[in-house]
Amino acid sequence: MNPIAFPAGKPIDFAAIGRLCIDLNANEINRPMEETMTFTKYVGGSPANITIGMARLGMKTSFIGKIADDQMGRFIIHYLDKNGIDASGVVTDRTGAVTGLAFTEIKSPTDCSILMYRDNAADLLLTAAEVSEEIIAGTKVLLISGTALAQSPSREAVFQSLQYARKHGAVIAFDLDYRPYTWVSPEETAVYYNLAAEWCDIILGTREEFDMMERFEHNPERSDQVTAAKWFNHAAGIVIIKHGKEGSIAYTPDGASHRAESYPAKVVKTFGAGDSYAAGFLYGIMQGWDIKRSMSFGSAAASIVISSHSCSDAMPGADQVQDYILRCERGEITAS
Amino acid sequence: MNPIAFPAGKPIDFAAIGRLCIDLNANEINRPMEETMTFTKYVGGSPANITIGMARLGMKTSFIGKIADDQMGRFIIHYLDKNGIDASGVVTDRTGAVTGLAFTEIKSPTDCSILMYRDNAADLLLTAAEVSEEIIAGTKVLLISGTALAQSPSREAVFQSLQYARKHGAVIAFDLDYRPYTWVSPEETAVYYNLAAEWCDIILGTREEFDMMERFEHNPERSDQVTAAKWFNHAAGIVIIKHGKEGSIAYTPDGASHRAESYPAKVVKTFGAGDSYAAGFLYGIMQGWDIKRSMSFGSAAASIVISSHSCSDAMPGADQVQDYILRCERGEITAS
Amino acid sequence: MNPIAFPAGKPIDFAAIGRLCIDLNANEINRPMEETMTFTKYVGGSPANITIGMARLGMKTSFIGKIADDQMGRFIIHYLDKNGIDASGVVTDRTGAVTGLAFTEIKSPTDCSILMYRDNAADLLLTAAEVSEEIIAGTKVLLISGTALAQSPSREAVFQSLQYARKHGAVIAFDLDYRPYTWVSPEETAVYYNLAAEWCDIILGTREEFDMMERFEHNPERSDQVTAAKWFNHAAGIVIIKHGKEGSIAYTPDGASHRAESYPAKVVKTFGAGDSYAAGFLYGIMQGWDIKRSMSFGSAAASIVISSHSCSDAMPGADQVQDYILRCERGEITAS
Amino acid sequence: MNPIAFPAGKPIDFAAIGRLCIDLNANEINRPMEETMTFTKYVGGSPANITIGMARLGMKTSFIGKIADDQMGRFIIHYLDKNGIDASGVVTDRTGAVTGLAFTEIKSPTDCSILMYRDNAADLLLTAAEVSEEIIAGTKVLLISGTALAQSPSREAVFQSLQYARKHGAVIAFDLDYRPYTWVSPEETAVYYNLAAEWCDIILGTREEFDMMERFEHNPERSDQVTAAKWFNHAAGIVIIKHGKEGSIAYTPDGASHRAESYPAKVVKTFGAGDSYAAGFLYGIMQGWDIKRSMSFGSAAASIVISSHSCSDAMPGADQVQDYILRCERGEITAS
């Protein structure tokens, strides 16, 4: 059974708040970045990727964020427009901030890393006063991303968005997305992640991210059950804990745990797996599917993205995911 | 009836977290500071003053904070010791931060101002990891002060102290104590004040402070009832809203409102009135007195402090407050 | 006559101090950056470009600077090595600083702009203590670049390099290279540019850059003669003032002024013109050529670079420049 | 012979640029500050003290600096006015900066220390554009103080004042006044001190201060002769090196060295000795006295100040110094 009830009568299916940035993906892969010479530009950032994924799956989507007043910022807006994502909640910085960058390095399909430019990034300058209450009042789901909690004033903007979501009855999903380099200390991170997570209906993160959040608590065996139970005492209805290669487990307040099918892929790189999974899963439960089917759909979406060069631009449509599942079931796709 | 139930079997009556600083009070009063030549040094800071007030009233008290590694910091520790306040939760900064200063100017009993030194103040450097869970586990009441929310890492330390207080069942009192100069914007202030206030049993502030907290809400008539009702939907049992000369009103979840007696005073200055009132009021309700009697006791304590040169050092004992009330009732004390 | 005497018996011909960064040049040209999708990576930064230019011209070169501890930094070191530039004076940052970036946009051959990433750039973190006295003691020429004066501690590193150059008798060339976005104010810029320029033998800049330096002085007609005379009262032997399309003029203490030939080019973009000119000119006077011939050689080198996609990588060898001059003289190259 | 020629026909004898702050001197002396309860407020800051000293000695004086827009700032202006010091060159900060503070602790006459408040101090916010060229054009002597070089934009203001002084022929005196806590590193300090000192006619400092300036040089025996000779290669005519209890030595370009008489004093504290010495010495050489007599006059002024509670307010008049010398010569004053 699906423990999340989505509000009816809202014009927007899915809105996200947070990071909009640029991925610069090395065109020459399977080598260190010292030896790559050209890069291709894509829209990036975890909440942006998930929103693009939801748009591709046919949902009505909206974004709340802040872009730099430069060519990169305008490129992002054009891309959102082109994908049918409402960008009326994206404001433009006027202080000379820049667009965050992520240069990706693909040494091998399983040895990928990112070189980040996050100093003076426009997305972290979104203020609480710039958050559109109207968008949040009109959406069924609000997704927040942990990175947007990393610095003021973006941190306050996220908390204000949670106030609006609670006031207007939006389901809140929290993609932990913990990036240590934007934070002062793990203690600071733990404090704000815990404050935010109390209000959230769906929480998705890795075991390591939940460990970080339990820094001031006692869970010495790193038990998923202990972790999930904590959040069911607050607002949560689904807690998904990702265990890397061992797969993800979804916990529900009834004590059940759920595991997804996984699908083979000809892996190009691992980037984007989590974002496409999140989009696929959220899409599924919004369709009224059970948790297991939603997770499988997310897994298939992830397999498609990791077989491609980009994250955002490779986000599949629903037919494409269904087709991928069928082809896997027919044995037409096997692991690389 | 008293809507707050205090936990039994705790070794500490009252602990506070936040600002410890130095007041430098002009000795030559009733003139602008340009013309004052000498100053007397006292321990200051709203939560420090309230804790000193509680200690003078005979409560077992403890403080959680951070001091500079200098003569001012050591003076503060000596003063806490001398007043029987447990300072085991006060850590010493090692980064070269300074002790916050407040130079007071008393142009007339009703025209007082403060010149603050708050740059690089040690008290705002308390971290979440430095907050003693043991002290909070052992106290009946934890008092937080809004100023400690103004900057990181002190902001995180306060939120962590709230986590511990909730976990261990301490009653939480929130003295709003809003000082605009330490904040980036009113929006930022509103976000964190609202986050913290949700967890608090007793909230004390001026009408203007509550207005600031309602910046993202709709209370156009600045109604106390609207304000109080909001917090009764969360943890609050008492909300006290101060209306300056028109006096303070305490609201309770049963819909009642309560006003205190006020007592005459030969006013020297207005500083310290709020802190002594808070100490007196909290002392009263911890004795099991009803709200009205507790408020009156707080008012009498305030009248004593504003008749004196200092804030902290003038905090009265319980007998002194009782005696003041009796003398007022006998007409022996009249307003200046 | 050449007013500069170069010291003999030094193992290095040319050393530069300052910015080492990455250019990301749009592959799709003649359109706004919003519409470009791929970028090619080159080493960049004015003093880096000039040094690469000098190395290509056959000079023994060395660089003093600071790189990020990342793939971009290592790419820069590899490129210097590959071009025979001694990088023993390039230290690696350990604070998490990044490599400065310059995204170039070529809307048309004459409408080019740059999107800079200069926040937390490693090159500006070079300290005075990290400047190699040994390299400066061993070089005939030290080139400093104005951008390195923009922030501490790089500013101090440049002044210390000037102390060493004066002590050991190196000829000092100053490429003004004023980039307003890295400076707090034009007044700040003027102060440090003037301090540095007093010690310099050769000063190259645009009329606008010299105007900025005369902010606290009186030169209402923006007279080149007034400007040059000021520096001849200090250490300067050559002052080159660039007047955009009207060409450059070199002034010497004997009262003479010198203009160069200019050469046609099939212009791709204007970036890199100044750096290749500087390399060509300095090479010429180090060969003992007269000023006019040196300027012409610089102009031809510039024409080659602006006909190419990159700045650094297009720096020509001496034969290539001579050949270009001959072909222009034969009418084989005409303007685009 | 006096190696300094002062310009004639200037309306101001002496102008200083730099720090204006507040001393808060403990009234209860011979104990640690933890035990002092009251403080008396004085104008302070080394260049301010020297200027007050010059004014008391009958010189026409002017000050260039920046004060906070608060009661402390206004107190400083009133005090300058009262002492006949032209404050037309003192601008008022509008950014919310504070007045620097120095709490003095006198544990014993020879064990004195200072607790400084220098964060966000207004004096360090003076900009190059705010420096009055008119005042510097009209003064015989400009005194700069090393502390004003510690941070931007005050650092630029000092360098701009040096440009004006050189342009208009003012004699420049440099009081090294090195306070490590306002500097990022000793390397940074050395770079700017050396840049400034090149332009100065008179340099006064302790052996330790000159050692700091020689951080990048070779003077292993810490020889005064080596130090002085370096500056005589630039603009200096007098270099005074203070050796603590062993006294001060003045060096001149003719190879001579000069030592002063010292005078007994009933020492209250050591603060202010250097400032009163500087004022007395500069007064003497401006009278045309020889170096030895000028140094003795400075020593006597210093003995008067260290016998008093304040620094600035105790600065003596010329008759008072002469009288002190006579009384010492008659044996009427002996050391405490």
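Annotations
A, B, C and D are the chain letters, set down in written order, and residue numbers restart from 1 in every chain.
One rule holds for everything that comes next: contacts are C-beta pairs under 8 Å (C-beta built on N, C-alpha and C of every residue); 3 or more make two chains touch, one makes a residue touch a chain.
What you see is a predicted model, and the numbers here were worked out from it, not measured in a lab.
The greatest centre-to-centre distance from subunit C, using averaged C-alpha positions, is reached by B.
Averaging C-alpha coordinates per chain places the centre of subunit A 61 Å away from that of subunit D.
Averaged Cα coordinates give subunit B a centre that lies 44 Å from the centre of subunit D. Shown for subunit C are the residues that touch two or more other chains, of which there are none. The touch graph of these protein chains is a ring, one cycle where each chain has exactly two neighbours.
By the definition given earlier, chain contacts exist for A-B, A-C, B-D, C-D.
By the touch rule above, subunit D contacts subunit B in their complex via residues 24, 27, 32-34, 36-41, 70-72, 74-75, 78, 96, 98, 101, 103, 105, 115, 117, 119-120, 181. Contact residues of subunit D toward subunit C in the complex are 127-129, 133, 152-153, 156, 159-160, 163, 184-185, 187-188, 190-192, 194-195, 216.
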